[in-house]
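Letters are used for the chains, namely A, B, C and D, taken in the order the chains are written, and counting of residues starts over at 1 for each.
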Amino acid sequence: MEVSYYPGCTLKTNGKNFEVTTLKLLEKLDVDVKELEEWYCCGVTFSQSEENLIQKVAPIRTLVKAKEAGRKKLLVLCAMCYNTLKRAVKFIKDNPDKRDVIHDFMDRESTKYFGDEVEIIDLLSLLKLIGREKIREVVGDKRLNLKVAGYYGCMLLRPRDIAIDSETNPTLLEEMLENFGLSPVYFPFRVECCGSYQILNNSDFVRKQTRLIVSSAIENGADFIVTLCPLCFYNLDEVQKEIAEEDSAFKTIPVMYISQLLSIAAGISPEINDFNLHSIDPRPVLREKGLL
Amino acid sequence: MIKPKIIAFYCKWCTSAGADLAGTSRLTYPPNVIPVRVMCSSRVDAEHVLEAFKNGADGVLIGGCHPGDCHYETGNYQTLKRVTLLKKMLEDLNIDPRRLRLEWVSAAEGKRFTEVVKEFTEEIAKLGELKVEKL
Amino acid sequence: MEPKVSIKLPAKDAARVERFAEITGVNVFACYQCGNCSASCPATEFMDVPPHQVMRYLQLEMFDEIVKANTCWICAACITCTAKCPRGIDIAKAMEGLRQIFLEEQEFARYNIFDIKKKVLEKLPQIALVGNFRKNIL
Amino acid sequence: MKRIGVFVCHCGINIAGTVDIKRVVEAVKNFPGVVYVEDYKYMCSDPGQNLIREKIKSEKLDGVVIAACSPTLHEKTFRNTVSQAGINPYNCEIANIREQCSWVHTNMEEATEKAIRIVKSIVAKTLLDESLVPIKSPVVKRALVVGGGIAGIQAALNIANSGYEVVLVEKEPSIGGRMAQFSETFPTLDCAQCILTPKMVDVASNENIKLLTYSEVVDVSGSVGNFKVKIKKKAKSVDYEKCTGCGICVEKCPVKVPNEFDRGMSERKAIYTQFPQAVPNKPVIDRENCTYFQKGKCRLCERVCPFGAIDFEQEDEVIEEEVGAIVLATGYELYDVSNMGEYGGGELEDVIDGLTFERLLSSSGPTSGEVRRPSDGKVPKTVVFVKCVGSRDPEHHFPYCSKVCCMYTTKHAMLYKHRVPDGKAYIFYMDVRTAGKGYEEFYQRAQEEDGVIYLRGKVSKIYKSDGKLIVDGFDTLTGRKVQVEADMVVLAMAIRPSSGAEKLFNLLKVSTDANGFLTEAHPKLRPVESLTAGIFLVGCAQGPKDIPDSVSQANAAASMISVMFSQDYLIHEPIITGVNEDLCSGCGICVAVCPYDARKINREKGTVEVNEILCEACGACAAACPSGAAQQKNLTDRQIISMIKAILEE
């Protein structure tokens, strides 16, 4: 299988653990991943305004590049990017007239992207496509004694028309954890919002959410929380540390990108991770479980 | 016949009853419309409408029950489909599709019935006499 | 004493009603005030006016009340409200429309990048910054 | 050519005041076919009718046109009049020159002109009228009732008590339906079983009712007055002739399975009667779970039965019944809790649906009426009730209101408070709909006297934390989020048509709405009839409703059937749309537009056939027919066109 890859800005900096481990993991699963030679910031939050076209130019321009790259699938790891790109594509498919305006605006691009030429795919759906058999072949029969709370966040599940799974009762993340020999923990706040960019305006809101999500995961017996979004990661990880510093009774739990744990499960050395990027150090728990 | 000449097909259950109510309420409306009472508006065939135009009618009015109220459940939907199509056909025949009108008038809408007739008569009067070249 | 009327109908805010419709196309009259948006919104506690009440104000064209409230600025665009709405109303989109209308009317930028502490920027993912700007700057 | 007489009525000055009768008479004389014209002051009076009868004879008329008031008033009168004079009544037509002419115009010149045109068009129609005879078809005076819940029971009893035989088919081993599962009924709080079981016994003892439990309808053919129904009697594995219902077999049976009647909260045996008051009060063997049927060993029941009633060899049997009318009372079921992901998706044991709570409240239920939660049997001290779960939610589930939840949830909270006085009951609601006698008072009582707290808003999430069920909701009246730590949650799930019913409805070709409920022939005027003649709908199969409504519908359907059975023949207006087989190509367009299923293609002949009894004469098929083979009796295309020509002719 071959896919193009769109990293987005954060995966090249603070979120690089997500990229590094995913690329290694996919290599092991025989997926040929090729980063787009040219790509643009997606804009992060999709403008829901019917008439705000300028914010849709960047995502479509990226898809033009993906189309030129020639591969049928475009892997997008960051949930925010996934959401924005996917919705921009849906928007131009639903509004052909506005699509034309966007095309007219891009005077340097000779290619036009209409919506179906390149399929945007997230990591979970790609793993599903690779299939349980292939994964089991790489991972083997071993099961790691790890209880993992899969945190979906918002951007992969909402709105419904771009969702990767059921919006109230998704199972895809848990299914993948299971496939990699990890024990998924279903906890009630796995589809709850982390507070997103409001960390900049209203950190109390994010703190409240982090507290809820983290406590719920711990209460349900998880060793780790995994996420697919660098912003969720930050809000759950860094903010968790802040809460813990103020409230000594607050229990913490390490947060990781899903690929960090899956790659360990697939026998890839944890050394490729930069653990300095974690505010809650996952290494003690990894050591305790004999994985480091 | 009084000009403009209008033929109206009323369904028995709603529009014709609405026209009767206009009568018992002693409302008045222009005398241009001559009714043909049918069981259901869906009985009206394209042929009937074309025949009316061919024989000198300047306008054709079809009255049925409101959507959802049809005595025969779905008859008025059939009518709606048919009239929509027929209007296209009229255009091809160089007949202004406004000369054919479908209206929903219930048995309780005597007042509305008179308004429909007045308005339609005025519109047809404005459109003037229909000259059919060939039909 | 003169009798007081606290809601006068019809309201006269035609320009904003029209602008709101242009931007969002949301039919606010589908709302039957079940409150599921307010119940499921993670940020309701931080809002002066909960989302379902914003929808009510929209139905009555009471934009002035919405301008006064912080609701659309607290909203994190997580789309939970839209996902939960039994009547299929895109409430998140309505919030976006309100943000845009108010930005157009007032300040165009509610945010100054120099307000952010440098230390925060070290670990903060770029997407948080960009996302925030996108919602607060026109 | 026909000899037509035209009789113009003055109606005092009602017509004569605006229409120049003399001119009308003069004009009419020249119309083709008209051989006689006369006017009279009041045509509908005795002398007026006598005049018509005399002239029919003296002038040898074979067609009559009465120019008078609206046909809705006196068409019947005048058709009677002419038939007394020996003319087929369908040769008499009314020209409406009062309601649609003299009363609505003021200018005599114009009104007269219009009246002449109206009469002319009716004369043109009458010229082509055929003599018609009402259609008669024999009626089998037996009825089939499908479904033995309260609606089916009530319908069956009424028809049977009118002296007609009834075949009552129930798929479960006992009749009683959902109502048998209820605890107490709103708003009177009388026990459901106390009012239902006497009726169930009446069914069993009524000689006119043939009760077929553990049976299903598998095929239906024929039409109104004469349906042929195939019914599969599932093997009960017990010979009911010999069985006395002593229950020893049930006692000794070693197999225990979850009891569906108690919503899985208790156990039953593999040989079982559904509940203590079951009718018939005799057991059946559930072969899926019986050790003998699954593994070939056991037969303990056979050994302990003192009457040798156990019959392992019994087979499913298909019998055929002839009936004249069918009542569908197939009832409802609740939308499954597993569909509500945000409320635990069925994984939280103490989040239950309303019917399950009914069993907890029922004195014959698994807890003998004590409110004990399923997970650990503890008495819940805080119970949250959520209304409109799956209902009124077009986006995710169903758009309609399930109608009964407002009342039964109020009842649930009230009964819970009666059983657990120190408990707390909270109801999350969007609206409270109490349209029914005594309903509003009941709701007020729950608030004022029983201290049930109503919270106006939806619940967004239910999850477990620290051993408690956390219910996240909203109260729009205070504008605050509400979080309740509950011990148990009762969801008022949407009411759905019974899952097996769809197959039956397809078999009968009765139409359903978008939600699977049966469609009535007319939402206001024919509320218990289906669009298919002779098939009636009662109870929740037609839409969510409470017990009094179901009973009223059952009574209504039964009385309609009794009226139908009181005659030996079904009489049907002959104004139907037939088929001219010479012209019909069998294209089937008319079949598709017929709302009554009256037309079908005869593959052998390659033409369409009409069931005249089913045709209601809308004429949609006649307009749709591309070849003119479908023609409505006495309103043929030829007639309509000649009317148009008559009107427009200069």
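In this text, a residue touches a chain if its C-beta (ideal position, glycine included) is under 8 Å from a C-beta of that chain, and two chains touch if they have at least 3 such contacts.
Just so we're clear, the structure is a prediction, and the values are computed from it rather than from any experiment.
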{"item": "Pair sharing more residue contacts (C-beta pairs) when B-D is set against C-D", "value": "B-D"}
{"item": "Mean-CA-position distance for subunit D and subunit B (Å)", "value": "34"}
{"item": "Averaged-CA centre spacing for the pair subunit B and subunit A, given as whole angstrom", "value": "62"}
{"item": "Chain centre separation in whole Å, for subunit C relative to subunit B (CA means)", "value": "49"}
{"item": "Residues of subunit D touching at least two other chains", "value": "342, 461"}
{"item": "Junction residues of subunit A, two or more chains touched", "value": "167-168"}
{"item": "Chain pairs in mutual contact under the definition given at the outset", "value": "A-C, A-D, B-D, C-D"}
{"item": "Contact footprint of subunit A on subunit D as seen in their complex", "value": "340-342, 345, 461, 463-466, 470"}
{"item": "Residues of subunit C defined as touching subunit D within the complex", "value": "32-36, 38-40, 44-45, 49-50, 52-53, 84-88"}
{"item": "List of subunit A residues in touch with subunit C within their complex", "value": "8-10, 13-15, 41, 43-45, 47-52, 55, 78, 80-81, 154, 157-160, 167-168, 192-193, 195-202, 204-205, 208-209, 230-231, 233-234, 238, 277, 279"}
{"item": "Subunit C contact footprint on subunit D (complex, rising order)", "value": "342, 388, 392-397, 430, 456-461, 472-476, 479, 481-482"}
{"item": "Contact set on subunit D toward subunit B in their complex", "value": "70-72, 96, 98-101, 103-107, 110-111, 113-114, 117-118, 121, 519, 521-523, 531, 575, 593, 595, 616-620, 622-624, 632, 635, 637, 640-641, 643-645, 647-650"}
